[in-house]
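Attaching a single structure in structure tokens format; questions to follow.
Naming follows writing order (A, B, C, D and E), and every chain is counted from residue 1.
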Amino acid sequence: MAFVQDTPKESFRLSMLIYDTRYRSITIQVIVLILFLLFLSWLVNNTIQNLAAKDRTFDFGFLGARAGYDINQTLISYTNDSTHARAALIGVLNTLLSAVVGCTLATILGVFIGVLRLSKNWLVGRLMTVYVEVFRNVPVLLWILLAGTILSETTPAPSAYRVTEAMQAAGEAPKASMIFDDSIALTNRGINMPAPMVDNGLGRLELGPISMNANVLAFLIVLAAALWANHLIRSHAKRVQEETGIRPTTWWKSIAVIVLPLLVLGWWLGFHLDYPRLTKFNFTGGMEVLHSFTALTVALALYTAAFIAEIVRAGIMAVARGQSEAAFALGLRPGRTMNLIILPQALRVIIPPLISQYLNLTKNTSLAIAVSYMDLRGTLGGITLNQTGKELECMLLMMAIYLTISLIISSVMNMFNRAVKLKER
Amino acid sequence: MMVSDEVAIQITNMNKWYGSFHVLRDVNMTVQKGERIVICGPSGSGKSTLIRCINRLEEHQQGQIIVDGTELTNDLKNIDKVRSEVGMVFQHFNLFPHLTILENCTLAPIWVRKVPKKEAEETAMHFLRKVKIPEQAHKYPGQLSGGQQQRVAIARSLCMKPRIMLFDEPTSALDPEMIKEVLDTMISLAEEGMTMLCVTHEMGFAQAVANRVIFMDQGQIVEQNEPREFFNNPQSERTKLFLSQILGH
Amino acid sequence: MMVSDEVAIQITNMNKWYGSFHVLRDVNMTVQKGERIVICGPSGSGKSTLIRCINRLEEHQQGQIIVDGTELTNDLKNIDKVRSEVGMVFQHFNLFPHLTILENCTLAPIWVRKVPKKEAEETAMHFLRKVKIPEQAHKYPGQLSGGQQQRVAIARSLCMKPRIMLFDEPTSALDPEMIKEVLDTMISLAEEGMTMLCVTHEMGFAQAVANRVIFMDQGQIVEQNEPREFFNNPQSERTKLFLSQILGH
Amino acid sequence: GTLDDVKARGELICGVNVGLTGFGAPDANGAYQGFDVALCKAVAAAVLGDASKVKYVPTTGETRFTALASGEVDVLIRNSTWSFQRDVDLKFDFVGVNYYDGQGFMVKKDLGVSSAKELDGATVCIQTGTTTELNLADFFKANNMTYKPVTVADDSEGQRQYLAGSCDTYTTDASGLAASRATMPDADNHIILPEIISKEPLGPLVRHGDNQWGDVVRWTFFALLSAEEFGITSANIEEMAASTQNPEIKRLLGMEGDLGAMLGLDKDWSKRAIAASGNYGEIFEANIGSATPIKLARGLNALWTQGGLQYAPPFR
Amino acid sequence: MQEHISYVRSQMLPPLDPPAGEKGAVKWLRENLFSGPLNSVLTILGLLALYWVLSNALPWLLHSVWNANSLGECRQIIAERWGEGATGACWAMVKARWHQYIFGFYPQYLYWRPTLAFCLLFVALAPVLYTALPRKMLWFTALYPALMFWLLWGGSVWAPVMAMAGFGVMAVVFKLVSARFGVIIGASAGFVAAVLWWLLASGPVTAALQGAIPLGIESVDSDQFGGFLLSIVIGITAISASLPMGILLALGRRSDMLLVRTLSVGFIEFIRGVPLITLLFTASLLLQYFLPPGNDFDIILRVIILVTLFAAAYIAEVIRGGLAALPRGQYEAGDALGLDYWQAQRLIVMPQALKISIPGIVSSFIGLFKDTTLVAFVGLNDPLKGITQIVRADINWKGIYWEPYLFAGALFFLICFGMSRYSMWLERKLKTDHR
């Protein structure tokens, strides 16, 4: 047919707004939009009125003011002369540290428990079931509180390590002693470990506003180079395997290539360990992992692991039995079958619920104050809020930060999820 | 069709229980190299169990199974040896959905037989050509039809160059139009002299290629015979009943 | 069989796209009241799409569809009107699994036609008797066989007292034995003079009841003719090929 | 204003501590008791004529000021320090000081520390959301010392950590320290260091700008103080009212003048306030004084006539 | 070709008993505990772990004291009975204060009211969960929220009656208007009328009725709520109130309309992206900024509102899963029968989607119930931290840590575990699909 005739244009009638499918959705959306805008302006209007009534302002200027309080765990430099903004940043970093370590631990533990729950071993299966049920059905706050209590109640105080003159005279040993050749001390405040130090340090690298420790930078560069070399060795091995079918042993080459350069760098920088020493009140020197951090992170990890275990179990069970049978029939050993066949498939089922567990764990770090850990909620949403009285600003900022973290986590994981999705017809 | 005098599979007085349920009772069976055997029988009679015992997907509790000179015991080495000599094709294909067709076919040769990848791929393409789907090599199983998937499953087994092939109802999950393409593949395999054990109810296939038909009931081998005799002149009542049902259908 | 002169469905120069994919091309078709039309054609040729356009489960982008005097536009009132005059039966039945058979049948009359419940139930029982399953009225769909479910689906459509019935491969999800009972139901419906459009590959059915067979390919109506002529003397090459495939099968 | 609201409501809403022994905490029957709570009762008695017409809203360090600012509570009597920022920037009015306190340190005896100046490098337990955090930072800075803060959410958690040895010293208001120490099973093993590093005037506060209501709370408190000064107790108040010749007592108890009316109350307001749980001294002794397990000495909180700071302006 | 003897078995063998290794305790041990070196190692590790836990906890549990008036007395008794230095649990605290863990500060002589409300809850839930029960009972379910409110908070009987009357107003206006102007306008008008009723009319009418016919029970303020009563009230109110919201949000998220979808997604993702505790702080700190000046209401109510929003986002995702599990054909069949959007949703889609979602809803509820412990951070007396803090502020119980946590934890475990088992049972029951 030469041309297609269009239906004649109808004249517009008002009733079409409701009864015509084309306009109807627009009508509804316009109404929704209007209602939404009305609601929004109502909120904003109320806020303005309330602020005026309370004679308050809405500004974030306070973030630049001196914070005046101290924080016990600071990943980047901070003193009580730093600003509230810096304190908030410390909080964010502490939150992230706890979240990252917690997620990693929870994943390892969860996979472990999930697999063990499927084991044929009756006793282990039951124990794992008890673990999962007990942890899942009790509020996470309780686990955090208990973890904090257990850590501080069952470990010796720093003073227990002290050898007083009287004790020396009597030939008594102190009540507690450091482990691993006097290098690690476990007290009821934290774990004191040796810290890496260098003699001929490279100083600091000033790059505009960013100031970096050149030693760390050098370490990272050498490590990256070593890993790259290791990657080359492995891909060579893979090529050899593809050509001859036999994979050359590479583990000693890998170790050499990674360890040697680092040893050389350490020797050149004058690397040594700084051991913790007992001073008047505490162990100083070395590195201290505070119990507040450990308690929060471990409690969250244990709690979340129970959920992850269930997810992993469901994921593995979702892979049809026929898959492992087919692999066995082809002569693959159980270990290989797990690695090559079961896990890659289970992963697809596991990832989406895993994302929400990661999100939950990250959000649950906001309970840190229960064990005296200073996270974002403790700094910006706690002390800063209290000292400045800027509730509106602090809370909004805090929500925005949490939201950003959550969105980043879920979008990264979703990207990963899309990458491993099964191809269907 | 050639049947050599060498013994491929020798089963003697084999018994198997699931818990206290006696699935296989006193099974005795000898399969010559190059022989093609069809196993049939009512549902639940233990056909699948028997065939799965042969490559140790199930463990038997009494008696002896010797496959290609190797006795199946708890010794892992023996099991590995047997499994790499015996190919198996399942009712539900059991392709690995996360790997392409080609990867499905090269996986076991590379990891079990340590064949170089290149060579494994060539072999795979050879067998894929044989089952007439070389052009699908880079698709994923989910993108193929059932018949195509089952042919890939056969090719995958063949890539391990097995001496014996086991089939467990390879066509029963397929639409009628696809059954034919799979049976054709199996017939061409039979013509090349592969030792085959096949659980199937496709009596046409049995008549065309089998050297022997074995009829099982309640875990026992009730009757075995060459196909013509088996169909035209069944001996036991049980067999007669069974044949009347499936042939009349 | 009576075919009146009145027009039930009039489709003029209708075009439809999915995104940029042109599914239906310049379709022109007139269906008289009481006519029974069978639509066939290869998979993906747009049969389902055409039939779904007729009760606006899909929207067409160009041209005109007039059903029983009502033009299908974006006007909701027209759509409602057409839908209550046109019954549709799907390939997968689409019964509501949470409602009993009787509730499935009375739901739309009660809520759309505002028929009193009592009356709706009487009508429903009448049609259930007609499709020969009145005794199942208080069971749930999950408790019926496929053929019974499809007959319920037909009864459910009939309860709305439609003037036109659309069928989209009503038997293709059924086992062979059940196909017959559904076809019988449809034939008895046809004998009562219902206007019917039916997508099906059951050529026996087409020969028995259709006034006209329409053959579609690639979104176009390639050929239409009365059944005898259509089967014995297909005009286009495409049709010949198609018929040779499905009849030979 | 708030006074009218309270009268209309027939109930005083008083923001109190969630659980601070001796100052404000519910008992086994859920009835709030304590030094701060007694003041709530006195205000309720003065305004509504019934000391039991109080609704106690438990507040945390973090929620207390918002609760007051938003009008959720009428008055906040919850050991809150009177500071410039809270008074001026947060827009509250502190109507008086019912307890003069100061921040101190408690350590275990075997630590061998006798002065806060020796705490360099110590781990310090401290409650969040209070002025003590800032005082602590200032003190250590001024003395060029360092410390490690362990920030706890509430008093009981602070005590627990201190007892478990998670920190070397616990710092909070000296009254709180004394109260904690008194209830420890091994009270003798703990000492409170002599340094008081800050001024912590604790008092009731109300919203800025509601002066009439502020006056009611303020003068109710002063009435309790004056009562102690004049020797009026809950036991002898009727008798005193009947027999006294002192014109100021007469004005205080509403026998003379119309002070009550000026506040927007009736003339017996102060009598009821005093009768509710006694005068300031009685309240002190009953809740935190030396007869209680908490055993706080009057110290700065003695009347000015006895060398303390508690001083009520004249009722005239 | 080799000659085959045709071999026919003449008689069937009787089944034999399995060999010894296939049954009995030996088999069980071998299969379940020591089926390989790895398994044996695991078994031993498991036994060690079990021993470690028991050896640490058992003495403490065995040295329990149930009758004492203070922690000091407890310690004394333990020292007397089991020697100096022995540790033991002091459950006397639980005995003295259990009622606060359960009811908070609710007046003791009124304990029957929350108990009754809780029992009636099961009656109200029954017709929802057991379809076999008469449909008439749903009326009780619909009225239950008002009844619960009245029983818990007390006061004039007219307040809940008038609140319920709002729904009546909504229904009447909807009937009248939709008959003439269509469903959409009818629904909006009904909604507006109901809101007007609640805002303007219900208060005065209640007062008037109370004046005329005074009927009521003693009222209890919400600041007296605490412990598990508080958790349960917050949990149940929030879940049931969030259900309709969650349904709307889930539908919105699946809508074709860009704006509606964006708003729904935005809301859901926002709520799910921030910790509950920030929402609770919003309830306690920020709501005063967002609501009209002078509009301050009960902190429990504010917390319930925010927790409801929180739950709604999660419920919406659960229901979205249920909707996605419905085959497309169900929608099409609804369309083809001429049902309109809301009819199809109400009659076809929701009954099925909700049924699929019940396990998800239950687990949201369990999660929410556990999360109610966080209200301690805004000063409410949750059973875990709030009440414990109050108990510890008592001179007698100062310094007690494990017992309150274990007690509250055990109660939480019982409730949550029970519910999760119940939902698993329900899931299995629903899976059978009527067959």
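Keep in mind that, in the parts below, a residue touches a chain if its C-beta (ideal position, glycine included) is under 8 Å from a C-beta of that chain, and two chains touch if they have at least 3 such contacts.
Each chain and its UniProt protein: A = ABC transporter permease subunit; B, C = Amino acid ABC transporter ATP-binding protein; E = Amino acid ABC transporter permease.
Not measured: the values here are computed from a predicted model.
Steps from subunit C to subunit D, taking the shortest chain of touch contacts, total 2.
Among the remaining chains, those touching subunit B as well as subunit D are A, E. Relative to the centroid of all protein Cα atoms, the closest per-chain Cα centroid is that of E.
Farthest chain from subunit A (centres taken as the mean of C-alpha atoms): C. With rounding to the nearest 5, the Cα superposition of subunit B on subunit C corresponds to a rotation angle of 160 degrees.
Seen from the Cα centre of subunit E, the chain whose own Cα centre is farthest off is B. Centroid to centroid, with C-alpha atoms defining each point, subunit A and subunit B lie 50 Å apart. Subunit D and subunit E have CA centres that are 40 Å apart. Subunit B and subunit C have Cα centroids separated by 45 Å.
Separation between the centroids of subunit A and subunit C, computed from CA atoms only, is 57 Å.
Contact with two or more other chains is made by residues 281, 285, 288, 377, 401 of subunit E.
For subunit A, the set of residues touching two or more other chains reads 18, 149, 153, 369-370, 391.
Chains touching one another form the pairs A-B, A-C, A-D, A-E, B-E, C-E, D-E. Within the complex formed with subunit A, the residues of subunit E that make contact are 28, 31-33, 35, 39, 42-43, 45-47, 49-50, 182, 184, 256-260, 263, 269-270, 272-278, 281-282, 285-286, 288-293, 366, 370-371, 373-374, 376-377, 384-385, 401-402, 405, 408-409, 412-413, 416-417, 420. Chain contact summary for the complex, subunit B toward subunit A: residues 55, 57, 80, 83-84, 86-88, 90, 92, 94-98, 107-108, 110-120, 139-140, 142-144, 156-157, 160.
By the touch criterion given at the top, residues 18-21, 25-30, 55-60, 62-63, 66-67, 69-72, 154-156, 159-160, 163, 183-185, 293-294 of subunit D touch subunit E in their complex. The touching residues of subunit D, when paired with subunit A in their complex, are 61-62, 65-66, 69, 85-86, 89-91, 110-111, 119-123, 128-130, 133-134, 136-138, 141, 147-153, 157, 160-161, 164-168, 208.
Contact residues on subunit B toward subunit E in their complex (touch as defined above): 1, 3, 5, 15, 17, 19-22, 25-26, 32, 61-62, 211-212, 217-218, 220-226, 229-230, 235-236.
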